[in-house]
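Please go over the structures that come below.
First chain A sits with chain B, and in the next complex the same chain sits with chain C.
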Partner chain A sequence: MTDLFLVYKNLTRKKMRLFLTCFAIFIAFLIFGAVSALKGALDSGVEMSADNRLVVINKINFTQPLPFSYVNKVKALDGVKNVTHANWFGGYYQEPSKQLMTMAVEGATYFKVYDELTIEPENYTNWMKNQTGLLIGERIAEQYGWKVGDKIPISSNIFSHKDGGHTWQFTIQGIFKPLDQKTDTSYVILHYKYFKETQTFGGTSVGWLILTTQSPSLNEQVAKAIDANFVNSAAETKTSTEKAFNKAFIEQIGNIGLIIYGVVFMAFFTILIVVGNTMVLAVRERTKEIAVFKTLGFSSMRIFKMILTESFLLSFIGGLLGMVGAYLVVGGVSKGLAGILPNLLIGPNTWAQAIGYMLLLGFVTGIIPAINALRLNIVSAFSRA
Partner chain B sequence: MSEKNIFKLTNLVKRFTKGKETLSIFEDLNLSIKEGDFVAIMGPSGSGKTTLLNMLGGVDQPTSGEVEFDGKGIEKLSENQLAKWRASNVGFIFQFYNLMPMLNAHRNVELPLLLTQLKSKERSQRVETALELVGLKDRAKHMPGELSGGQQQRVAIARAVVSDPKLLLCDEPTGDLDRQTADEILEMLQLLNREFGKTIIMVTHDPSAAKFANRVLHLDKGKFVEKELSL
Partner chain C sequence: MNSFLSQSFAVIRMNLLSLPRRLWMSLAMIIASAVVVTILLAFLAMARGFEVTLKGAGSDDIAMFLRDGSAAELNSVLSKSQVDLIENAPGIAKDKTGVILSSELYVIVDGIKKTSQTAANIPLRGTSQTGIKMRQDFKLIKGRLFNTGTTEMIVGAGILRQFDGFELGKTIRFGKNKWQVVGVFSTGGNVFESELWSDYRVIQNLYNRGSSVQSIRAKLVEAGDIKQIKEYIKNDPRLNIDVETEADYFSAQGKSLNYMAIFGKVISSIMALGALAGALNTMYTSVADRSREIATLRTIGFSNSSAFVGTLFESLTLSALGGLLGALGAFLLFDGMSTSTLGGSFTQVVFSFELSQDLIVQGMKMALGIGLVSGFFPAWRAARMPVLTAFRTE
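Presenting the complex of A and B:
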């Protein structure tokens, strides 16, 4: 028998109470783990954006197009390195519910602007030669099991063919891969030219422009110059860094960060009360036993440590189970959500934070009963009982 | 019984203060107890028996005066020093047994040995010996709730003697037991006193329990009235 065994016996003496308390902690950490993973996934787009990349959209909002002529006008401005453009295709595979993020781009400049993506030179050349060629991101290749040479029909929920249909046939010519695994590659790209020639409306417009500046220090200056250039025109622009753009895009869903912290705070506040209360009660019920321990000669410090160990143990049992639960849940849904939310995972930071919260919870809920036990006077404990 | 004093109380004063009120329990109490003696302390409820036992056991401290144990004053030891002193010198037996409800008999008896350097195997052997002594070897795996009052008190006695202290302090050890069971417990204490040389100080208000002791002290209004037993 050891002190740890005594702690274990004390912890498990009321099974139902142990279960309920652990369950409360479990739920709180489950929420924390899942919600942190969600936030991490949302933030990863912001985090991975290049420092010197700007996005130019129509000032009205990003679903409004820009004239094609803007591409060359922007290219001519000082401080601009490369410019490319993209159109939203509204793609899906087989059924409208199977969204496939598809963009029509200019092949010649696309990879100059997105230089964190790599592709086999031979595949790239083939794609450039083939009007109906398609390039797919590595994540898409993994998700659908597609290979170079596969013929894939992609439908659009926005555009239709000149001959009526909504579905285009493409041949996969290559797979682009990121230098950093966190970079999102869960989308496919097709030739803008082919898109323009075959679809029925839209004229000669592009969805948005993406450009790189000579240096991040020029970002602000270039952004101002672009917007100034098109002021009072039919299509005024709004230029921002890719980081800011991605952030603004996420914030359209609401201030996720605040909601997340709100939820996590509530969950932790609740268990703090529940677990703290349970610990105080559990130790108060044992007042006389603690007095007996002291009478036998156990030092007050030793009892103090045992009670603190008990609260840490409680916090870690519930907390680790909750995190494992979150890990399983996140792992389970991340495959299905790979298209919308890549990078949905519980990262080392979240684990470290969770351990930190477990330590904090164990300490905060254990310290008061532990101090009560430390100070407990044998004589008054017996006369009270 | 030796001629050596195990306890010597000199000019002992004990008062409780509650707010402005001061309750005086003992004023100038003097007492010597011989090593190896079996002393019963009797007296009406509220006469200070438990308070005295607490001071002898080092769980309470006198307001003034000296408590000498084996020639050394214990009244000035710190809380931690007293805890160590209790662990190696005193076995406690309570009216309501005070066993740990979540531990079986074996583990309850083992508790005091966690305060020694003994290895797990030696501890187990000692526990078995102690349980055998109180006749509960076959109940080692029983939880306190599965034992009768008398059996629980016997487990408590095993716990009190397992680390082989020279002193046993018992506060109304038979107060919760029927006559026959009480006598068994008292015979066991007598055995521990006679065969194992334990000094026993027992608080009781039961005259037939006091008959098992060698010496009976009557505590009344903070003073001792000594009556030798006519056996």
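Presenting the complex of A and C:
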């Protein structure tokens, strides 16, 4: 009890310094938490991909179309469980700058392939019956405050409606929800058939195919079979796992992401070093006092523990406050950014890492002065002054 | 006044000379402000480099036509009859062969990025001899131009820096079609260097585009003047087309990485608060360390304002050193660094970080801001320190 009181007294002897040191640690961890959340959000597409899901794209590039006939050809191959397809609509709501991720899909198979999404059976039936029906993801529903039955216009920056203009009218027939909250639902889907019938280019091409295999162990075999099937045709394919596809997409953003993390983490550690330096000096100032403690009969071990406790306490006060701050900031902006950056949250991994760094900071800054105190010779400490 | 100056100089000199005594704390402050400046400059240089790369591509005397609402070349489609109508628009320059106009296509193909060895989007632009002539900075570095009607292409210098397999003489397969690289070109570092160019008619044919194109570029009679053309488009219901100068188009595209600059400013400002806390610690320690000195000076008649100036100057010196160090660090680490990212047209834009002077000035301002705030309060304490108590502290 008395030891803790002494630690408390030592910590608070210079209130200004305590505040400033805590504040610097607070800032370091605030940034660490927020940037880790950002990184996690960017990587979440990769993490949430299903093991047995493959994506088939045109070999030239995924923006090039595939013939519709490929859907049935792929379905006929061994090891393929379900196949569905999607077209990029280039959607936006009201203003071209308010992009809305919109895809034209085949309703009958879409939810078989994306079985981590759920929807009320009644809503689904209604959607299947309504050509101009639209299903929206839960995140979109939250972001725009849309409800089932709402009529909304969606425009395309690529396609024109054959009645003129680039805007389609849709009725929201349902909201699909994920089984796992981290699954991205910030997009809307409409009927492929309706899309093809109402846009000016016509044609029957699809954007890309998504399929599930009977088992993840068949992935490679199925992917090879698909690509071999279309080799030397007008539209050659490239089949990859959903994970690899998402990863390649993130890589497109490039090492810019890497630079951000590099720079920010460098800063994080620099702040810790600077703060650590202050903490080491703060204990060194007290050399004489420690000699007094020893003279009074405090054991070296007891002083060693007291100094370490002090540095851990300081590191954890600042660090935990910083992480709570990051939690509040991330929580505050995640709703506004749901459209661009879904899954902005501080995961358990980040918390664990943060606690690891707090322990490290507390240990590194405490251990040198603590060992010095342990070894301190009373006589030489007094004579030094 | 004179004595204030000479006193201040004396105190400043003493403060600076006593710095080695507080070596670690002083270094901590220098490093903290250096890191803040490096971070700020890294992000600003990134956004600036991207913006310059796109802005540099746009010319004021070229009008650019896209389907209305499409916002980027990739999304746009224009029919042959629309192209014919635009050819008759007023305000477009002519030479011996007719109007100076280039119909272009913009399709995306895969390239393997050197850094990640994964496929990334590169634009394959269909253009023509006229189109090439319209790019004023165009220069063939190696090889020759593509021949009309063949699957030959020329490759931008930026593509060669960031992607594998596009070297001169190589044969490239996009799906079923084989292409020959017959030349390498530069456009003075702007975004066109991140592209592959070939004959637009060949691309129309191979990519089933019929006779449609995606964008039209036309040389203006008078630079920047698109009023007549706008009027012409408005009066013809067949023309659902947006027109703007190429300069405006690219400067809008160049803004798409501005969020990086904003992100950098936000994160470095937050970090500056952390650095400020560290710097205040340093300066308070410095004042405490010199308390006897200050008291002595006051006793022999130095003014308290000279103590104030001395401390403030010390802090500004440390933070300015940090700022310079940070700018140097950013310069060595990032300036000229070539990278690529997804641009507004959904394709890779190869660009270099650009640490220009005005950005360095911004960085120095931030460092001096840290120095000013972290010096002010401790300097205040130094100036008001009661002489007696200062002597009493050992």
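The definition used in the following text is that the second predicted complex is superposed on the first by the 363 of 385 C-alpha atoms of A that agree within 3 Å, B and C clash if a C-alpha of one lies under 4 Å from a C-alpha of the other, contacts with A are read in each partner's own complex, and residues count from 1 in each chain.
The rule we apply is simple: a residue touches a chain if its C-beta (ideal position, glycine included) is under 8 Å from a C-beta of that chain, and two chains touch if they have at least 3 such contacts.
The structure displayed is predicted, hence computed values, not measured ones.
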Once chain A from each complex is brought into register, does chain C clash with chain B or fit beside it?
fit
More chain A residues in contact - chain B or chain C:
C
Considering only the touch criterion stated at the top, classify A:I367 as touching first (chain B), second (chain C), both, or neither.
neither
So in the superposed three-chain picture, is A:T278 touching just chain B, just chain C, both, or none of them (first/second/both/neither)?
second
Computed vertex angle (chain A) for partners chain B and chain C, CA, steps of 10°
90
A:N61 in the overlay: touching chain B, chain C, both, or neither? Say first, second, both or neither.
second
Kindly classify A:E289 by the partners it touches after superposition: chain B alone (first), chain C alone (second), both, or neither?
first
In whole Å, how close do chain B and chain C get at the C-alpha level once superposed?
7
Per the definitions at the top, what is the overlap between the chain A residues touching chain B and those touching chain C?
none
Using the touch rule from the top, collect the residues of chain A that touch chain B in their complex.
1-3, 6, 9-10, 12-13, 288-289, 292-301, 378-379
So, in the complex, the side of chain B touching chain A is made of residues 54, 57, 59-60, 79-80, 83-88, 92, 94, 98, 100-103, 107, 110-112, 114-115, 120, 123, 159
Note which residues of chain C are touching chain A in the complex, please.
24-25, 27-29, 31-32, 35-36, 38-39, 42-43, 46, 67-72, 74-75, 77, 107-110, 113, 115-116, 118-121, 174-176, 207, 240, 260, 263, 267, 270-271, 273-275, 277-278, 280-281, 284-285, 339-342, 346, 348, 394
Within their complex, chain A touches chain C through residues 16-17, 20-21, 23-24, 26-28, 30-31, 35, 58-61, 63-64, 90, 96, 155, 157-158, 160, 166, 201, 232-236, 238, 247-248, 251-256, 259-260, 263-264, 266-267, 270-271, 273-275, 277-278, 281, 385
